Amino acid sequence: MKNKKHLSRLFVALALSGATSFSLAADTIKIAFAGPATGPLTQYGDMQFNGSKMAVEQINKAGGVDGKQLEGIVYDDACDPKQAVAVANKVVNNEIKFVIGHFCSSATQPAADVYNDEGILMITPSSTNPAITERGYKLVFRTIGLDSDQGPTAANFIADHVKPKNVAIIHDKQQYGEGLATAVKQTLEKRGVKVGMFTAINPGDKDFSSLIAQLKKENPDIVYFGGYHPELGLLLRQSRERGLNVQFMGPEGTGNTALSAIAGAASEGLYVTLPPPYDQDPRNKTLADAFKAANRDPSGPFVFTAYAAVQALAQAIGKVGEDPEEVAEYLHQNSFDTPIGKLAFDAKGDPKDFKFVVYTWHQDGSKTEIK
Amino acid sequence: MSARLRLAFFSALLVPLVAFPILGLKLVTVGINLEIQGAAPLTWWIIAACTLGMFVWQLLRRRLAAGWASSPNLPRIPAGTGNFLTRPKTQRWGILALALVALVWPFFASRGAVDLATLIMIYVMLGLGLNIVVGLAGLLDLGYVGFYAVGAYTYAMLGEYYGLGFWTCLPIAGAMAALFGFLLGFPVLRLRGDYLAIVTLGFGEIIRILLRNLTEFTGGPNGISGIEKPTLFGLTFDRRAPEGMQTFHEFFGLAYNASNKVIFLYLIALGLVLLTLFTINRLLRMPIGRAWEALREDEIACRALGLNPTLIKLSAFTLGATFAGFAGCLFAARQGLVSPNSFEFIESAIILAIVVLGGMGSQLGVILAAIVMILLPELTREFSEYRMLIFGSLMVLMMIWRPQGLLPMQRPHLELKR
Amino acid sequence: MSEIYHFFQQLINGLTVGSTYALIAIGYTMVYGIIGMINFAHGDVYMVGSYVAFIAIVGLSMLGLDALPILMAGALIASIVVTSAYGYSIERIAYRPLRNSNRLIPLISAIGMSIFLQNYVMLAQGSGSKAIPNPIPGEFVIGDSAMNGVIVSYIQIVIFSVTFLAMLGLTLFISRSRLGRACRACAEDLKMANLLGIDTNAIISLTFVIGAALAAVAAVLIGMQYGVITPNIGFLAGIKAFTAAVLGGIGSIPGAMLGGLLLGIAEAFGADLFGDQYKDVVAFSLLILVLLFRPSGILGRPEVEKV
């Protein structure tokens, strides 16, 4: 009996989705948007989808590419490597030549193997693991900075500004978090800073009271957290409630207003390494407003990187046509004006000069840059 | 009448109670605070309509049901069909026919379809393996994915650290998984029913957490990538051969085709599935196979007949784990990357669902169920975010519709004519 | 921080986490006790309860009724009522038609239900995390200072006392009331109870409702303490609570309480010794160890073999 109303909702949705896919003209350039639309990481996938959908809409409104309209098709991989391979093969079947995605590095990696085999061009706006571009694939690009850039930025900041006697590093045992935490640890140790505690939590955990008791015992000057905002938010909140007053620092995966929603006053004064906040850049004001007008959230670290990926791709296609090899060649050789600044790719397909900046976070979700 | 009216009121009340808070009131983060937004008027109307519908339906259910029964029925499947389909002989021919089709088909299909079929084969193997444990021996194992992980990581780690190839690693992966099955099975097999279920679940989780945490050996959350694809007597299927090797297409003077790699992997998977089927079929006719089923039916009677329950359970557990190890090795080869994310509890649940949906103990059933369970999420991929919603509800509906499974098992038997 | 304070701090942390496990574990243990099935969707019922509690808290604050007693009572009532409705409906739709089939069938149905509920809430409420501030801030400090002493927050005290009261109420209900007696009769022998004129269907529905209501209580308390929910919190909570139920002896209500507390304490000290990431390994190892020596859990009745 409960199922009935879901079904009716579902039918409406199905009818709508059917309608949209039929109304498309045959002469379009198809782009696959691959990322998690279901599963625990959906919220990050949504950031990426929002950015790329917005870019496609705006490019189409401005006349498309070479008179052709772009068509974005969402493929859900749920951040599961197994499904990512299935998605990649599906993209091959549907004869799509360009992919924006995937999201999780562990999904991007096996999918990239398939794309490379089949001559499909892939730009990931969100996978930060260095290994992805280290396999000599010509058709793999990304528009986001690497863990190996961000970690040292954070570590150097800690060594230069905080000058701690003892540092604690915590990560969430996921590819992103552990990669960052390890990079921070290595750089700190190279600079002669003592890392007294290096430990991990389980992703999705709620209770950190035991960890906080250990932190009190260790009594570090600063705690670096490699991971995403839900866990750091809880950690900050519980630290405050349990009287642990220590400086925290986190990566771009935590720099999200949702952090303050969780941690409240405890998020005041946190250090965060972030790419420049594109949605608050005055140059991007009209774009950010357009996002809001379309009822899409422009904040979050992967919205504008996805937007920029589509934009660069569209420009390249406009110049050299739809052959992925030539598009890749063009992407490698030129630079693009995008909302994330001047975008150019190095030989591996990574963005050149992707800068991270250290901010002080405030409890209302705003932040100020530390010069 | 008043009782039915009360029931109708009650049922009608449940609908908005269940639907209204979750569907009608949406929590939205504005800035850093939460606010509630009401849903679109359409949602309200739908909830109201469902409430009314439920009221009327509960009120008139009897009458409607009576009307339904008197209306002309759809042509029913003759009673013999079900019996015919589930007979062991039919199943054997069915499997043979399926195998023939499976052998020829990939040369005419697209890359995506063949790859998906490889995945289905992997799940068929997992299903058949778990079928020994759950369907035949009657031990509820919720941590089966742990052995699958052991198999996958064995290949990945041996390849990474010792440069061993697929064919060397395949038997080792099976043996490692069997060893784990044996070691884990030994202490826990005296537990009964659902206690065994939670303990095996715990083992599965422990293996996954260890894989995630022992970063020095297993690569931690990154897993191990760059796993080699299998070769055909030393011929690789890559575009360019590494030092000292030859590629398949050069050797036979063919043009390079990326699909060859996929088709080859598929054929290996098919071969392994056939091997699994053959092995299990033989075992079932041996004393050990009979003992599994006897144990499932009545443990006390088994002991009275002098069978050693621990040994029998352990053999089922170990053998099941071995097939999971093979499947894991194949999975690592298909994927090119193994990471702990691929071995979460939900995998165990899906494999178990394949066994139960297939009809416990039935091999053709397991094959059909694996096809259904893996194709379903792929077919519903078009519905994007509604995909898993549909998957979940279909799982419930299939259980209600056919609790005995798609093709339940039948023993060979003779019926006396009356 | 001195060792002795550290020890007591971890003990209190463990007890708090353990009490919440215990509340959710009741739902598993009661359902198992009566119809012998593992209700895998129970964790997701708890998740639905958390969403309703958040909606109630946010809704009441938006209406200006943000006094603590009103908030708490409102959240509790709303969550209990709605979650009970879910518990009842799930049993009617997904389990009752399967009552007399093989015991694995309802298990698969429950796993399907769990996947369904998780995605249903994700579609209706969005995938992102939802957060509220702690409505009962503040804490007691035993010892020299916050950095060197044992801290017990007010919300922890609320969790202890509410859990204790809920357990007491449930135990009294089961042992004293007419319905409770019917429940016990059903747990003893479902067929016989039916023959003696007990409406077993109603009793089974009742156990689902009680389990769901206690999960709702846990949802309100945990929601207030941690303040963050996502659509996939149900799975982990469910697994932990189920472990607690089995540890204590599935089918036994005091067992669920004991199992929950023990599991919470083991996790707190396990995290201390081996690091937070091994917390779950410690929890499951404890379970396996206990079951090796007491195959029916700590307070479970050993199964009698009938020929």
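Here the chain labels run A, B and C in written order, and each chain numbers its own residues starting at 1.
Simple rule for what comes next: contacts are C-beta pairs under 8 Å (C-beta built on N, C-alpha and C of every residue); 3 or more make two chains touch, one makes a residue touch a chain.
In UniProt terms, the chains line up like this: A = Branched-chain amino acid transport system substrate-binding protein; B, C = Branched-chain amino acid transport system permease protein.
It should be emphasised that the depicted structure is a prediction, and the values quoted were computed from it without experimental measurement.
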Touch-based graph of the chains, sorted into line, ring, star, complete or other: complete
B-C or A-C, whichever has more C-beta pairs in contact: B-C
Averaged-CA centre spacing for the pair subunit B and subunit A, given as whole angstrom: 32
Subunit B and subunit C, separation of their C-alpha mean positions in angstrom: 29
Cα-centroid distance, subunit A relative to subunit C, in whole angstrom: 35
Subunit A residues counted as touching two or more neighbouring chains: 1-3, 6, 38-39, 42, 173, 200, 202, 258, 261, 264
Of all residues in subunit C, the ones touching two or more other chains: 89, 93, 119-120, 122, 126, 128, 131, 277, 280
Junction residues of subunit B - those touching two or more other chains: 14, 18, 23, 29, 34, 209, 212-213, 385-386, 388-389, 393
Residues of subunit A defined as touching subunit B within the complex: 1-6, 8-10, 12-14, 17, 37-39, 42, 74-76, 78-83, 85-87, 89-90, 92-93, 105-106, 109-110, 113, 117-118, 129, 131, 135, 173-175, 177-179, 200, 202, 257-258, 260-261, 264, 363-365
Complex contacts: residues of subunit B adjacent to subunit A: 11, 14-15, 18-19, 23, 29, 31-34, 42-43, 46-47, 50, 53-54, 110-113, 115-116, 119, 209, 212-213, 215, 220-223, 225-226, 239, 258, 261, 331, 334-337, 339, 341-342, 377-378, 381-390, 393
Touching residues (chain side subunit C, partner subunit A) in the complex: 1, 6, 9-10, 13-14, 16-17, 89, 92-93, 119-120, 122, 126-129, 131, 133-134, 137, 139, 141, 145-147, 151, 153, 222, 226-228, 230, 232-233, 236, 267-269, 271-272, 275-277, 279-280
Residues of subunit A that touch subunit C when the two form their complex: 1-3, 6, 38-40, 42-43, 46, 173, 199-202, 204-211, 213-214, 216-217, 219, 229-230, 233-234, 237-238, 241-245, 258, 261-262, 264
Interface residues, subunit B side, partner subunit C - complex: 14, 17-18, 21-23, 25-29, 34-36, 134, 140, 187-188, 190-195, 197-199, 201-203, 205-206, 209-210, 212-213, 300, 345, 349, 352-353, 356-357, 360, 385-386, 388-389, 391-396, 399-400, 403-404
